[in-house]
Structure formats: C-alpha cells, structure tokens
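Consider the two complexes below, in which subunit A is the common component and subunit B and subunit C are the respective partners.
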Partner chain A sequence: MPLELIGSISDGLCPERIWHVAWHPSGDILASCGNDKQIQIWAKEQNKWVLAQSLEGHEQTVRRIAWSPNGKYLAAASFDVTTSIWENTSSDPQDIEFTHVSSLEGHNYEVKSVAWDSTGTLLATCSRDKSIWIWEMQEDNEFECLSINSGHSQDIKCVAWHPTLELLASGSYDDTIKFWKDIDGDWECLYTLSGHTSTVWDISFNSTGDRLVSCSDDRSLLFWKYFEGADKWKNVCKLVDHSSRPIFSIDWSHLNDKICTGSGDDSISILEQDKSASTADSEQYKVTIKHEKAHNSDVNCTRWNPKYPNIFASCGDDGTIKIWKVIE
Partner chain B sequence: MSQMIMNNTLIDSIDVFDIIRSIKDPEFPNTLEELNVVNEDLITVDNSTENDYCTIKIYFTPTVPHCHLAPTIGLCIREKLNLLLPKKSKIEILIKPGTHQTEDTINKQVNDKERYIAAMENKEIKKLVLECIEETE
Partner chain C sequence: MSGEDKFSSILKLTDLDYINPSQICIKPVEIEKTKPNGTSKIKIENDGSYVEVSEDGTEKTLEKATITLNDCLACSGCITSAESVLITAQSVQEFLTNINGTKTIVVTLSPQSRASLSNHFKLSPISVYKKLSTFFNQLGINYLFDSSFSRDFSLLESANEFVARYKKTIDLPLPMLASACPGWICYAEKTHGDYILPYISTTKSPQQIMGTLVKYYFSEKINKKPSDIYHVTIMPCYDKKLEASRNDFYSDIFNTKDVDCVLSTSEILDLFKDKEIDFNNLAETEIRDETFLNYDRANDKFIGVQGSSGGYLEFIYKYAAKELFNLDIQNKDIEYKVGRNSDFKETSLMVNGEKIFTFALAYGFRNIQNIVRKIKISTSTNKHCGYDFVEVMACPSGCINGGGQIKSEGGIKDNKAFTQDSENYYNDQLMRDPQNNLVVKEIYNSWLNGYFSQDSNTKLHTEYHRIEKSTNALNIKW
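Now for the complex of A and B:
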C-alpha cells in the first residue's frame, strides 16, 4: 500500500519553514502558516493549488491555525503572543475574502496552538506561559475569556477538543497530557496521562472520541483509551522507536480511522489498528506505510482531508506543502 | 549550489569544529575553543547514506557547572551551524555529561526546535547570538 503524491505547493510564495496546514471543512481549501508571519489560503483550480489570499498582521511566526467547524472563521496562534481571528466576509461561500475581526491578547509568551470546539463557540489557546485560555465567541465577533487553566508545569505545545463533547486535551513540554472540563462553571483538570519521556508534540482524538493518540520528542507513539466504568484514560498501546528523530505531528482520520504521522527524520507514516490482535485492555496498531524522504527536511505537520478519504496534506522545514493519497 | 552537489558534500567533525571554534563566549572575551567549551573530539558526524542529511552530535562543556548562559551557547552553536553548514543536517547539541548542574533541563531546551526559533525571533537574544557568532579577522 503506497503513498502517491497528488499535489505540491512550493512556488516561492511559501515561507522557508511551514509549521502547520489546516483543511477547510469543505476539503477544497487549505490554509498554511510559517515563519514569514503570514497565513496562506490555497484553493484548488483545475488540479492546481493557487494562492487565494495571504493574511498579514502577525509580528512573528504563526505556529498553528484552525478553522471553525462551519469554515467561516480561521484562528491563528502566533509567537507574537496573540491569536488572530479572521472571518470570510464574502457573500458567496465559495469565494475567499478574509478580514481580520479580532486579536486575542492575554498570553505572556508565544501562543503555540489553537483549537475550536465542535460547536464553534469555544476556542482554546495554549502557550509557553504554561496556561490554557478558554474563550467564548460572542455574537459580535468579540471573544470573552471564560477561564485560564494552569496545571502543566511547562510550555504547552498543543490543544485538541473532543469531537463531540466539551472536553479539551493538551500536550506539554512537561511530558504529560491533561484533560480539561467545565465542572459547574469552573474549568478543571480531570485526568493527567503520563507515559511519554519527553515533550508531547501533538495529540489527536479518533472520530468517536474514546481514543487519543499522542506523539513525542521521545520518538514514540502512545495510544490511550477511555474506560467509562473506571472513568479513566489508559495507555493501550505503545510504539517505541517509531522514528529515529522527534515525531512532530499525528492525525487520526475521522473518515476511515487511519493515522498519519510526520517526523523529524523527514518521513511520513500511516498506521492502522490491527483489530484481530487487539483486546479490551491492549490494542495493536501497525505501520502500514513508511514513506522515507517525504520532505527534504523535518515534517512539521500532517493532516487528513476532512471530506475526501485517504487524502492528507503535509508540510515541513523545506518550505513545501504536499498533498498525498493513500493507494489501497 | 545545486541540491545534488549539496547532498554529495561530506561533512566531518573538523568542518563542524572549524565553524564553531571561533564563537565568542557570551560572558568572557574569549572564544569557545580558548575556553575549552568546544572540542573537536566531542563532535561526531554521521553521513549515513540512506538519508539525505547528516546527523551531527556536539557535546559542549560549560565553563562552570552553574553557568546560566549554557542555553545561549547552545543557541550560538546551532545558529552558526545552520548559517554556514553546506549541507542539510540534523544537529543535536548536548552538555558534556557531568559538567552542569541542570544538564537534562538544558539539553531539552537547546534541542527543542520551537524554542530555538522563538528565541531567535526575540530581538535581544538574536542580537546577543549574532554578536557571539560574528566572524572577526
């Protein structure tokens, strides 16, 4: 089962280092960000990806971007300590015309990640200042901070919302993953998962939200499963030495349960659960594709297309974005 | 230089040492070589053929075990190598075991590429690093 490269963007419009890519919910638009302080929005025209708009305003690297579930808003987390919000103000939803509507200030150091919840009303941001801020979107595009969550002892690298519940997961330089929930008006840390021996770079829920996968600077992938009776997240699979370098990215497809990873050894892998070898307490995941030299440098991000199965995008320190198809 | 030539370039520990030996210590008026912070024998380069990149591992010795500028030295080494190495490389910079009180903390910080990029976007840190790695005849 190989990977086929079906698209590539590297025409001088990209920054030298591309940190993140995010698919619009339609699956036909892709946003990227990197060290040129801008956000690029790419649209597909006759089998070619063209730059539809460049969003400028940040003063430093834009680290991650996230689309709201309805695709109308884009949020961007930057090293300049702010998070920007952009709205597509075009009357035709097929057109792209983004306007800056808000800038969220409050973090003391670089903002590392941003994520919308499944309803599109809550936004989470995390930072090297060790805090997670939960923001609520008001009707006039204003954002109110509902909660500042502290608990991680170090830099927080990533946040991800549960696919259906108001439950947030975060991964940190302190090697742990934490879960956060609003309990009677106060956001509390419900669970802390320990298992990685270095920075947790990325986390991803499966489509039903009863599993989470994490990747780390320790070169391993850990799979976590929620046990309802015990009300606990437990490690059910550990893939050590998945890579010879840190693993920066992981994404669990909500269309077909495949998992893609991007690593500092320039490779991309695809994994799938081996259901016949899995039990309730212990699961097996196997690498079905390992594609070496996927990029000409570190792979920073891999993200599945939310609409078309087996298609994903990747980006890296080589300043290119690639679109891949898993051939079955 | 074309990609093909770049990828055929072999780098050895002498090349790496030649780039970093003249870095000025952020605290003292000496170079890292003069202060024995860096040493050719503590540099290893793996030019393994299966990858397009080479892997460089550098151990450095802080002047004192509580040196608070050890992370800055790590930044200087990484920045100068990134600027001058002719070939794409994966660089690991580590404290020589047993020579610093907070060895693990510094090793983690110095090898976190996100922290490195963010530090180099900080005007004051960037100025300090550029002063230390500037070549003077």
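Now for the complex of A and C:
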C-alpha cells in the first residue's frame, strides 16, 4: 500500500514552520497555523488549494487550531496566552468570510492546544501554565469559564474530547495522559495513564471512543482501551521504537479506523489494527505504510480528512502542507 | 504539607512554573565573590551548593542568594511560594523568636481561624478563645484581639465607598470589587493591571485595618511607639502573609510593619504540637477587657456578621439600600440566584419592580475569571457589566475554606463536610450591624472624623499597583 501525494501547498504564503492543520467538517476546507502568528484557510479550487483567507490578530505563534463540529467556528490556541474564536459570518455557508468574535484570556503562559466537544458547546484549552480551562459557548458568541483544572505537573501539550461523551483527555510534558469529567459542577481528574517515558505530544480517540492512542517524545505509540467493568483505561498495545525520533502527531480516522502518525524523523506512517492477532486484553497494531522523507523536516501534524476516506493532510517544519491519499 | 500547597490555587496558577526561586527566579541578586579579577571556576556539589574554585585550587562555598517576600511581590516572574522565603519572613519560628524580646506582643485572631480550631477540637468559639488566652499568656503574649472588630471598620468603609462610587462623588467606577482577599489582589495586580485595579475597593482588609489600629491607635493608649509592638495575626489564609509584607503596609517613619507576622490556623496546630499542648484540657482564662473584641459579656458569646467570608455583600447591600433609597431591609433575608456552581450567587435590589442594583458573590478562580471577563468586555464596549458590587474571594467556598485552615484528614469529599462544620461553628455567635458597635463608633468620632472621611481615607484605605509582566518567558519555541 503506497501513499500518493495528491496536493501540496508551499507557495510562499506559508510560514517557515507550520504547526498544525485542521480539516473543516465538510472536508473541502483546510486551516493551518504556524510561527507567522496567522491562521490560513485554504479552499480547493479545481485541483488546486488556494488561500481563501488569512486570519491575523495573534501576537505570537499559533500552535493549534480546531473547527467546531458544525464548521461555523474556528478556535486558535496561541503562545500569546490567548485563544481566539472566529466565526464564518458569510450568509452562504459555502463561502469563507471569518470574523474574530471572541478572545479567551486567562492562561498565564502559552496556550498549547484547543478542542471543541462533540456538541460544539464546550471548548477546552491547555497551556504551559499546567492548567486546563473549560469554557462554555453561550449566546452572542460569549464564553463562560466552567472550570480551571490543575493536576498535570508540567506543560500540557494537547487536549482531545471523547467523540460522544463529555469526557476530556489531555497529554503532558509530565509524561502522563489524564481524563477529566464534570462531577457535580466541578471537573475532576478521573484517570491518569502512565506508560510513556517522555512528553506526550498528541492523543486521539477512535470513532467509538473506547480506544485512545498516544504518541510521545519517547518514540513510542501506546494504545489504550477502556474496560467498562473495571472502569479503567488499560494499555493494550505498545509500539516501541516506532520512529528514530520523537513522534509529534497521531490521528485515528473515524471513517475507517486507520491511524496516521508524523515524526521528527520526517516520516509519516499508517497503522491498522491486526484484529486476528488481538485479544480482549492485548491488541496488535501493524504499520502498513512507512513513508520516509514525507517532509524535508519534522512532521508536526497529520490529520485525516473527516469526509473523504484515506485522505489526510500533513505539515511540518519545512513550511509545506501536503495532502496524501492511501492507495489500497 | 509544604508551604506551596497552602497558597490559594489562584496564586499557584498565576505562577510561572512553580519552581523554587533558587531554580528559575529571574530577580537579579548580588553574590559576593572573593576574587573579582582572578579566574575561577564554579562547581556544583552533590548537595546542590555552589563552590568557587580559584586558580590555586582553594575552594570556597558561595553564599546562597536570598530573596525576600517583598522581592517576590514586586516581581512578575513568579509569585513564590518557596518555603524558604516564607520561613525567613513569616513563620512559627519567627514568631517564637520575636515574642521573647522586649516588645509588647499583640495577637489578632480571625473569626474563621477561631471556627476552624473550634471544629478541630469540638469546642465552642468562646472556649477556643479562652483556652488560647491561657496558652498565649504562658508564652508571654500581652493581648489577644479579634479581627471581627477591625472588620466592622472595613465593612463600614467599604459600604461608604460603594455609596460614594454609586453617587459618583469619587472618581472610581462600578462595579466595586471587594478587596479583603489578598490572593485575588495579588492576581489582579500581576495579571490584569490597569483594567481591573480601579474597580477594586480601596478599603483595607480587616487584617490590615487591625494593623493600623494596633500600631497607631492602640499604641498611644498604652504609651508605646508603633515599633515597640510586635503584631501577629492568625488567619485562615496563607496569602495573608503576602498581604502583610506589602510595602504599602510598612511605615518608613516608624520603621515598622502594621502586621509583623501572619500565622495560618494550621500553623497554630503546629505550635501546639511543638509546645506539647493538650489544648482541650487547657484552663480557660476569663475575658477581662473586651476592647478590640466583638464580645457580648451578658451572653458570653462573640459578635459578628453573617457570612464567613466577611459578609461584605450583605452589609453593603443593606447599607446602600438605606443610604441611597431609604429602604430599610435590615431584617430581610437576601434571596440569591445561584449560578452554575454554588460559588457564584447574585441578587438584585428591586424598587417598584425596577432593578436598582445587582450584587454578586464570586468565589474561586473560575468565577473570578468570568467576572474579570465581563468587566473587560463592558469596558471595551462601554456597557454596564451587569453588576454593581462583587464579593470576590479566591478560594472556593470563601475564607472559611482558606488554604491556611485545618483540613479534615479524610480527603476532598470529607473536607466539604468538614468545611460546613467549620461554617456552623463560625455562626455560633451573635449577629450585629457594625453601625451599632459602640467602640467602633467612638474611634470613628475621636480618631477618624467619621465614615469615609479624609482621615479614614488616609488610615483605612490603600492603593494597588500594576506589576509589569516580563516578556522573556514568551520566547519559547515549542
């Protein structure tokens, strides 16, 4: 199974370092952000990706971006300690016309990641200040802070919501993954997963939310499964030395269960579960594609297209965005 | 528990990386080196000490840089935190050293600490006070005061400040935000600066008003100089140590702080342990002089106000209704609308079906965020933020649950019930409108020249200072 490069954006409009890419739920729009403090929104015209809009306002690097489930809002986490919220105010939903509607302040140091829950009403942000903030979106694009959680002992790199429940997972420089849930009005840490021996860079739930995969600076991938009876997340598969360098990105496709990873060794990998070799307590995941030199530098982010199976985007320190297709 | 754990979470979250100053403190300090011109190397020993090795091989251990609490308050680097800093400034050890001198020793006990001790020992607040008197007498302490007394001043000044803001006779905006919580003040100064500071009530906290009264009113009564008194407070809150250390509360003329040392309630327990005191079995010393105590001799009970975080909202609400609209609601219960969590409540004063003003309680960091956010947005859009007064406290459940209080041994869940028990002990007192405190009235007449007067503004009010944020921490690359 090879990877086919079906699109590429590197026309001088991109920053030298692209941190993150995020697909609009329609699958036809891609947003990216990087060290030029901007957010760029790309749309496909014929067979070419063109810049539809550049969103300016942040004073520092924009580290991650996230689309609301209905695609109307885009949230951006920045090193300038704020999270910006942008709304597509175009009357025609096919058009792109984003306006800055809100700025979430409160983190004391760089905001590292942002994520909308499945209903699009809750927004989680995490920061180098070791806290996770949960906001609720209200009428008039106003946001109310519901909770400020401390628990991680170091910089928090990523947050991800469960695909259906009000359950949040976070990965940190303290090498752990934590789960957070609202219990009688207070968000509390339910589980702490230890297993990585270095920074957890990225985490991703599968489509049903009973599995989580994490990638780390320790060059390994860990697969976690939820056991309802025991009410525990357990490590069911460990792929050590998946890469020769830290693995920065991981994404579990909700369309066909494939997993893509991006690494500091410039490579991209595709993984799938080997169901025949998996048991209830132990699962096997195998690398079906390892594409070396996918970028000319670190691969910072890999994200599956939410609508078209087998298509994903990647970006890296080489200032390019690439769109790939897995040929089956 | 280390000192760091006892600070309110608002301070911990404000902090850069919560590392001891020795590791990342950005405050420049001078270290004396032996040979300024010679070449020398510095090596780090296993115990973490730094040793200077000169060319001829002689070794000299370098002195550790010391940072005072004041350095930390004036710096935006981190709040700190480090126990080592606190130990040199505000600790049981410091307290014990100072009470053995020649100074007159005054201890001020907060009603929240009294309630926490009551709950821990299952004793009435009055018994706690009388046993503490016995204990402190043995230590050579001369006076044991009650900060409910100074809180009456704080409430009266705050209420009159609110009325002045409302009537626009002073140039300060609404909503007025309560100022008694030092964690909140420190956070506002370090992170919100110019936006928020004008909204914060200039009225000093009960601790600092007691400091002023003890050093500049009481001292005269007993013919002492302010610096001849060593004033210690017992507070429910570790952050109060930071408040007492502020330069605003230090007199260059008299070379003395208004409050010399702050001990948390739990540190009093440590002190009992240290002195091997069986507190329950201590004799009770009867109260002879009730000056600087809110004490009702006939009923042998303490007197206070409703609300274990100081009762600012309720008092100002009722006082303003009377002053501004001639509404007598003194004996009416205030009905609150509870927000998404029980630490956010609001209430509006209605006159003829019209909303006159809205007051809110906002406890805990998240609720403070929402208030700050609303004010920022209203400032930029020039609209009313919806509130006229907010009783802001950094700790969830307010001061009764302060970081310096005695914690239950059964973990978080149990601590909620334990805090409720402390609240019940707190309420074991008579309630009285501060306006009816005759001693307070007398001091207002003879020493302050009335409520919110020029004199009271000099003596009972303070200022806040924006602290510039250093930007070097933002240069991170990943």
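Throughout what follows, the second predicted complex is superposed on the first by the 328 of 328 C-alpha atoms of A that agree within 3 Å, B and C clash if a C-alpha of one lies under 4 Å from a C-alpha of the other, contacts with A are read in each partner's own complex, and residues count from 1 in each chain.
The definition used in the following text is that contacts are C-beta pairs under 8 Å (C-beta built on N, C-alpha and C of every residue); 3 or more make two chains touch, one makes a residue touch a chain.
Predicted, not measured: the structure shown is a model, and the values here were computed from it.
In the superposition on chain A, contact is made by A:S131 with subunit C only, not with subunit B.
When the two complexes are overlaid on their common chain A, residue A:S147 makes contact with subunit C while staying clear of subunit B. Of the two partner chains placed by superposition, only subunit B is touched by A:D298; subunit C is not. When the two complexes are overlaid on their common chain A, residue A:S243 makes contact with neither subunit B nor subunit C. After overlaying the two complexes on the shared chain, residue contacts for A:E110 are found with subunit B and with subunit C alike.
Of the two partner chains placed around the shared chain by superposition, subunit B and subunit C are both touched by A:Q60.
In the superposed pair of complexes, A:D266 makes contact with subunit B only, with no contact to subunit C.
When the two complexes are overlaid on their common chain A, residue A:S170 makes contact with neither subunit B nor subunit C.
In the superposed model, A:S198 makes contact with subunit B only, not with subunit C. Residue overlap on subunit A between the subunit B contacts of one complex and the subunit C contacts of the other covers 60, 79, 110, 128.
Those residues of subunit B lying in contact with subunit A across their complex are 3, 50-53, 88, 90, 108, 111-115, 117-118, 121.
Subunit A contributes residues 60, 79-81, 105-106, 108-110, 128-131, 142-148, 150, 185-186 to its touches with subunit C in the complex.
If you check the complex, the residues on subunit C that touch subunit A are 9, 12-16, 18, 191, 340-342, 365-366, 369-370, 373, 376-377, 473-474, 476. Subunit A meets subunit B in the complex at residues 17, 35, 60-61, 63, 79, 110, 112, 128, 155, 157, 173, 198-199, 217, 245, 264-266, 292-293, 296-298.
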